[in-house]
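Data block below; observations after.
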Amino acid sequence: MLKSITKEDFFTRVGELSNDFEIIGPMELPLKGIFYQSILNTEDLYLGDGFAIEPIKKFFLEPSTRLLRYPWKNEPGVESFSPPERERIAIGVRPCEAKGLVLLDSVFDPPASSDLIPNSAPGAGKKSSNRAGSTYQDAFYTNNRKRTIIVGLACGRPDRCCFCTSLGVSPAGTTGMDVLLFEIEGGFAIEIITDRGKGIFGALGKELSEEEKKLLTSVNNKREDLLEKKIRVPESMDTIFTSDYWDKVSRSCISCGICTYLCPTCHCFDLIDERRIKLRCYDGCSFPHFTLHASGENPRPTKKERYRQRVFHKFDYFKINFGENLCVGCGRCIRFCPVKIDIGDIVDKAPLSKKR
Amino acid sequence: MNKSQIPDHSPQKNSGDRNLKAPIKDFEPKIVGFLCNWCSYAGADLAGTSRIKYPPNIRVIRVPCSGRVNPLFVLNCLMNGVDGVLVSGCHIGDCHYSEGNFYARRRFAILKRLLEYIGIDPRRFQMAWVSAAEGERWAKLVGELVEEIKEAGPNEHFGGNR
Amino acid sequence: MNVELRKKAKELLKTKQVEMIIGYQRGPDGISATPVFITREEEAENLIWDVYCVYNLSNYLKDFPGKKIGIIAKECDVRSIIVLLQENQLKRDDIFIIGVECSGVIAEHTLASGKESPGELDFDEKCKACRPSTPRLYDYLVSQKDQKDKGVLPEENPYQDIRKFEAKSIEERFKFWQEEFSRCIRCYACRQICPMCYCPRCVADQTMPTWFSRAPDLEGNLAWNVIRAFHLAGRCIDCGECERACPVGIPLREVNKKIEKDIKELFDYEAGAGVDQKPLLSCFDQNDPEDFIR
Amino acid sequence: MKYAYYPGCSLHSTAKEYDLSTREVANALGIELIEIPDWVCCGATPAHISMHLLSLALPVKNLLLARRIGSYDIATCCAACFSRLKIANKFMRDNPRHRAKVNKILGEEYQGEIKVRHFIDILINDFGMKNLAPRITKPLEGLKVACYYGCLLTRPSDITCLDDLEEPHLMDDLMRVIGAQPVNWPYKVECCGASFSLTKTEIVLKLSNDILQMACDQGAEAIVVACPLCQSNLDLRQPKINKKFKANFKIPIFYFTQLIGLSLGIEPKKLGLKKHIVNPLPLLKEKGLLG
Amino acid sequence: MKIGVFTCHCGTNIAATVDVEKVAQAAAEFPGVTFSTAYNYMCSDPGQNIVKKAIKEHALDRVVIASCSPSLHEKTFRKCVEDAGINPYLVEMANIREHCSWVHPEGEQTTAKAIELVRIAVAKVSRDRPLEMTYTPIEKKVLIIGGGIAGIQSAIDIAFANYPAVIVEREPSIGGRMASFDKTFPTLDCAACILTPKMVTVSQSEHVTIHTYSEIEEVTGYVGNFTVKIRKKPRSVDINKCTGCGVCYGKCPVRVPSEFDQGLGKRPAIYIPFPQAVPNVPVIDRESCLWFTEQKCGICQKVCPFGAIDYDMEDEIIEEKFGAIIVATGFQQFDYSVYGEYGYGKFKNVITGLHFERMVNSSGPTGGKIIKPSDGKEAREVVFIQCIGSRDEQKGVPYCSRLCCMYTAKHALLLREHNPDAQAYVFYIDIRAAGKNYEEFVKKVQDEYGAIYLRGRVSRIFEKGDKLIVRGADTLSGAQIEIEADLVVMATGLVAMPDAVSLAQMLHIPYDQNNLFTEAHPKLAPVETITSGIFLTGACQAPKDIPDAVATASAASVKALGLMVQDKLAREPLIARVIPELCSGCRACIEACPFSAIETEEIEDLRLRRKRTVVKVIEGVCTGCGICTTACRMSAIDLEGFSNRQIMEELAVL
């Protein structure tokens, strides 16, 4: 269903919704950038062309989640934390980030049991789905997914780091969205995708005329052309596992967590005990201690192995397990890398022809 | 196994929804004191043997030397809602290990200024020299600390979620 | 001067004085500079040195223990090499410092605004507190005859902003840092890019004991950022890399500078003054100030 | 070689001959002295015992005036001026509190950066004795002199930083270069009583008598000084001393610049040799140093 | 983990204000606590038996005693649990008496605090680690650096206990400063008469080895195990062949000023410093010997009946191991030539006290006549000036040299004895004669020997004719004084040897702003240094007269012997421990350690798969202060007994 609404109407409706929902959306902090935050005043919502620094992931797979607690008592015992019961609407989510959530679903909320989110099915027709065969559902992640309606915003001005089209994501893609907004003159074109979306915005706006629809389609088609960066994604990379290519491309890596923490699809975590609470916190394969064993042995002792792991997880292993690349081409890891390492380039230029 | 469910509120913590501690009127601050074994701890012992009364708000952690006190200990206390931290050692020149308090003095001069800069009330982190002969001084010091930290109020910025 | 630089690099590689040269090359965007690691003579043609060479490459020296490394270093980078030498993380004989005269580098974040030429771009904040100069330690100097006068002027009072901030109320100060630190995602880019953060296992990563929370909440973030700065006391040479690397724009230099100012005032100590300098916190003066002690 | 020249009040009045001879010597050696325009009192005795701030502000005022004509070191001859300017510089460098006050009074920023030099220092360290020696056309051979340094030239030594505190030798060195024969005597830095010059003259007479006596005992035929107050006490008061102590001193008191001037072949008239109470000309004639 | 908590009533000392039973009940609820009880006097035998019995019956493996201060009974309970089979370092004490019951009133709050103190102790004990005492072997030999009276006395004491001692002396003979003194105050014994027998004793002792004309080159190691390199300078005379017959120095054609006689007399190029020298073997001064300066002469070699002269002798470096080191390097005289008002040391007739000692000595260069060095005429008017260099913060040292008052008085007395017509004038600031019979002695010199004492400083000395004019103030009468003196004697102060700092750095012992070696504690450990196994005696620590030097020498010997008599050196295991995986090798700890107890070592890094340098703690040397633990940013050094985990656990339960 495609409709158009004025900005005023849209924000009024968001204001109404904030009575029943927590509104999450991008907010611009002067000199700092754009951040997804809990929005208390609808005027704070930033729906321009800029991208948030952190992806929407942090509201689903949280940077730290408190799982359980074991009090300082003689009697052994565990108290687990229950996921919070609050309904949310995430506004301004980009197509790449929404696609990222769908990819995360395959790990934390596998499709077999996830009937609440219709669009979460992994790409049909791919060679295999969920080879891992996992049916584990993470209570916290699933809860966040179930209780959050996603209102997307199509991209108007991709920057030089964006390469989503190379990963099958479109700047106007609807995967993972309940509603998608297109900025048009005087307001938004609004595409209602799911029933949940209809539930909150269904009564709003007026149908688009055929002409307007046509215009929108043509604009949407042009959106893809705005992307300068195109990369070639190989089917498999296992021929170059032992190549010294990895040594070369990882040399300038400083082993920080920017690329993994800001990635909409990275989902490695660590379980930590702090003051008798068990926490789940982000972890990243780029950190030197990522796979450090208690014995002191580390199977990935250098940047080379760790960087290769990151690329392989995204463009090889995940594909084997879930049939898709674990990358949505959002460009964050390139944009924010302090030493300008470009994963797109590295994948694109991987010397695949070299046989093992 | 004793298993129960406890609700967790917003993982995105805002300082606003921190539970305030007891109202300031009845506020009894919790103070942690790191005391060197040879002077300050012995001074506190002397206050005991001399039966000099002082408020019970201080918890003493015995360390061999003020030079043993890691700033991370102090930070850990403050971040977990302790209302005041005291590091106390031998007077300069009296250190049992001859130099420990010199290092402590330098280290905490920097930390104290840094904490103030970050916006932590300077009353919450203090340093003192108390000798083994200064039982009276120890008692007086604790009394003054408790008063000062009562004035500063509960350390409500931190530790509310723990 | 790039010609001279490349010539020297080739010579060093050819005569096997070094096995590798760490330097700068033009980045994929055609404007900015990125690190490059050169082992063959012909690669030396990629070397550049100009106002876009922001990075402190000394951070990479620890990646090649036992190897003879040539490194291109400006004054601030050299200061960090000096601290690394002080702290026995490098052997002087293992490194060949190709010093470059620097009259300031650009503020990299302003590149994003679409400005490109040096004239339009701002100089990095760190350069405003630094006198344009020749490195204090080098094995070979590439002088910058043509660019000398383009330098930024040293700030009259390098700690003016710090003093201004100190004058604010304690609540204001707390509110400011609470907001700044609240954005911290604990990606540790500040640590990883810092040449001084070479600890085999940072206290932030230790679990026996866990020193402070690893969760990116107020307590964990404040503890991390305070300790990061504290552990750099007397060691931070203000290369500004931490602040540049921070993806969420936390003004980390304002914490570092605060300590820098304090130790100057309290102990008349300046980081990176010389290879034989004793570590700030491993020495003392009988007359260190103690007016804060009761 | 250019210096901002601060003569001070004595050199414009009672010690005119010191000023004259200094300028002549400087001129002969190609040392350019630019007199600081509108210079004021250096803040000696009256100021520094009555108001500390004034005693700093006055010399700093002069230093600031000197700064206006360019960045030259200051040359001065009077030991008291030298001392005051040096002391002011030290305060301005090391004492932020005083610096702030003085700067506020004078409305200019000054941090003690201008160098204050005594003319002896300039001759020895800038011009150099090696360069001086070949210029000597009339060496003062056979003239036995006692170099008398007085109190302010070397004291306090951490401020003046000029010569050895107890056993100064710079003037002796200069005398040797110009061919005179300095005697070894113990009263080089004895007090001449200058501070009591007007209030308790009898003390001055006693102390100056001792100095004259010691100089004569050690065989000196003349005394060489670098301070207008020393000169006036030893020269002006000789008749009174002779009367009081029934002595018969007739020992000329020269400024070192006068003797250097003579050795450079400058006419005695230009050096103000006639301005002394004890006429030095008979001695010089006797020694054959006037022809 | 099975923790037992034992709460003590301490009669009513604790029980009067703390509900002890409630504390015991609360403790039972703490994690890991499987037994909790209270008793009237826990430290008594029955109390300790309760602990032991509970350990056995409840198979406890850790114990918390809630009672008094650990400074009182920590050792008691360590022993107690050890008897019951638990590692003694698995005990913690909660100080609920000194820090709780005695300082707070009776009430809820006090009991609550006691419970919390127990809680903290339980948390700490849960992170305790079993520790073992460490033992290091001891090399049974003592090194004595310096062969003056202090060093000689130390050697005699150690030899008396049948332990070997080695004296290293820089000069060709032992004896030190005392050998050049004439008489000693206040008894006026002849210095040589009381020193020489000691020199002979020490040289004849089978337990003492003497290396004269030798210096310390390098010191490594730690208490019980010092390795010392000694440089033996070439004497050019074979000490084993020489019999001390003296033919060689009788025939030597060279004459140079004698150091022993302070330049007042002359000696040949091959010489013994003084007749009683030990060893009685000459040495060739290569700087003045014609063989070495002009490659001619060689008379001594020709005349020596034993072929002992060896011109080709070279430096020899020997290495020995020692268990303890006694430092007895003594002092030097303050150099008074910094004083311009006293003529910068240029006046011939201004001399120092040591000159005077040689002059007044009847076997000295003047045969006991007190003369003016300028013309050799007898001196009648002699001015003594005290505090030369002492108590002078500008040009000298701030401290009082302690013995100048006494030796000046002695000199004034000897002056009159040697020349009844002479007159002594003594300028002083204060007379400090605190010692047995000292004040009496000074009084005697004033009353019976007519020395004129003038309280004030000398402002100037200058030569006038063949006299010295000494101008000074007598502050008691307020008069200015001028004395026409024949001789001025400077009572120069005692200052550190010129190379004291380099020796201190070699030994890793601290020194003060005057370069005097610093004792471990000014009152309670006056002969120890903070470096265990190194002791101080004599004037290298502070100015000392002979009785004090001898007393500290014996004290230092006893301390060294205390080490010698032990089989092994037992050390508390509460010391620092390095976690090599965390160590970066930055050596901040080495810089900070006051005891030099940390050194570097190379390890194989599993994670990096390469060798790298880290630090390690020298167990015998570490005192457990923990300064290193905070100097280490990466927390790679921990302190047993007060470990990071223990303290953080204590903080976690607050």
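We call the chains A, B, C, D and E, going by the order they appear; numbering starts again at 1 in every chain.
Criterion: a contact is a pair of C-beta atoms (placed from the backbone, for glycine too) under 8 Å apart; a residue touches a chain by one contact, two chains touch by 3 or more.
Everything numeric in this text was worked out from a predicted model, so none of it was measured.
Novice: Without chain E in the mix, what are the joined groups of chains?
Specialist: Chain E out, touching clusters read A, B, C | D.
Novice: Touching both chain A and chain D: give me those chains, sorted by label.
Specialist: E
Novice: Looking at A-E and B-C, which pair shares more C-beta contacts?
Specialist: Spelling it out, more C-beta pairs touch across B-C than across the other pair.
Novice: Which chain's C-alpha centroid is most distant from that of chain C?
Specialist: D
Novice: With chain centres set to the mean of the C-alpha atoms, which chain is at the far end from chain E?
Specialist: A
Novice: Return the chain label for which the distance between chain Cα mean and whole-protein Cα mean is smallest.
Specialist: Taking the mean of all protein C-alpha atoms as reference, the closest chain is C.
Novice: Distance between chain B and chain E based on Cα centroids, please, to the nearest Å.
Specialist: Chain B and chain E have C-alpha centres separated by 39 Å.
Novice: As a quick test, compute the distance in whole Å between the mean CA positions of chain C and chain D.
Specialist: Centres of chain C and chain D (C-alpha means) sit 55 Å apart.
Novice: Could you tell me the distance, in whole angstrom, between the mean C-alpha positions of chain B and chain D?
Specialist: That pair's centroid distance is 65 Å.
Novice: Using mean CA coordinates as chain centres, what's the gap between chain C and chain E in Å?
Specialist: 45
Novice: By the touch rule stated above, which residues of chain B touch at least two different other chains?
Specialist: 71-72, 76, 80, 99, 103, 107, in rising order.
Novice: I need the residues of chain A touching at least two other chains; which ones are they?
Specialist: Expected reply: 63-64, 76, 275.
Novice: Provide the list of chain D residues touching at least two other chains, using ranges where the numbers run on.
Specialist: Not one residue of chain D touches more than one other chain, so the list is empty.
Novice: Across the complex, what residues on chain A touch chain C?
Specialist: That would be residues 29, 31-33, 35, 53-54, 63-64, 160, 251-252, 254-258, 260-262, 270, 272-274, 279, 281-282, 284, 287, 289, 303, 336, 338-340, 342, 345 of chain A.
Novice: Mind pulling up the chain E residues that touch chain B in the complex?
Specialist: Per the touch definition, chain E meets chain B at residues 69-71, 95, 97-100, 102-105, 109-110, 112-113, 116-117, 120, 510, 518, 520, 530, 574, 592, 594-595, 623-627, 629-631, 635, 639, 642, 644, 647-648, 650-652, 654.
Novice: Quick check: in the complex, which residue numbers of chain C touch chain A?
Specialist: Residues of chain C touching chain A: 27-29, 32, 34-37, 55, 59-60, 63, 183, 185-189, 191-193, 201, 205, 207, 210, 213-217, 241, 244-245, 247-249.
Novice: Can you tell me which positions in chain A touch chain E when the two form their complex?
Specialist: 72-74, 76, 275-276, 292, 295-298, 301
Novice: Help me check something: in the complex, which residues belonging to chain B touch chain E?
Specialist: Touch residues, chain B against chain E: 30, 32, 37, 41-42, 44-45, 47-49, 51-56, 59-65, 67-73, 76-77, 80, 82, 96-100, 103-104, 107, 139.
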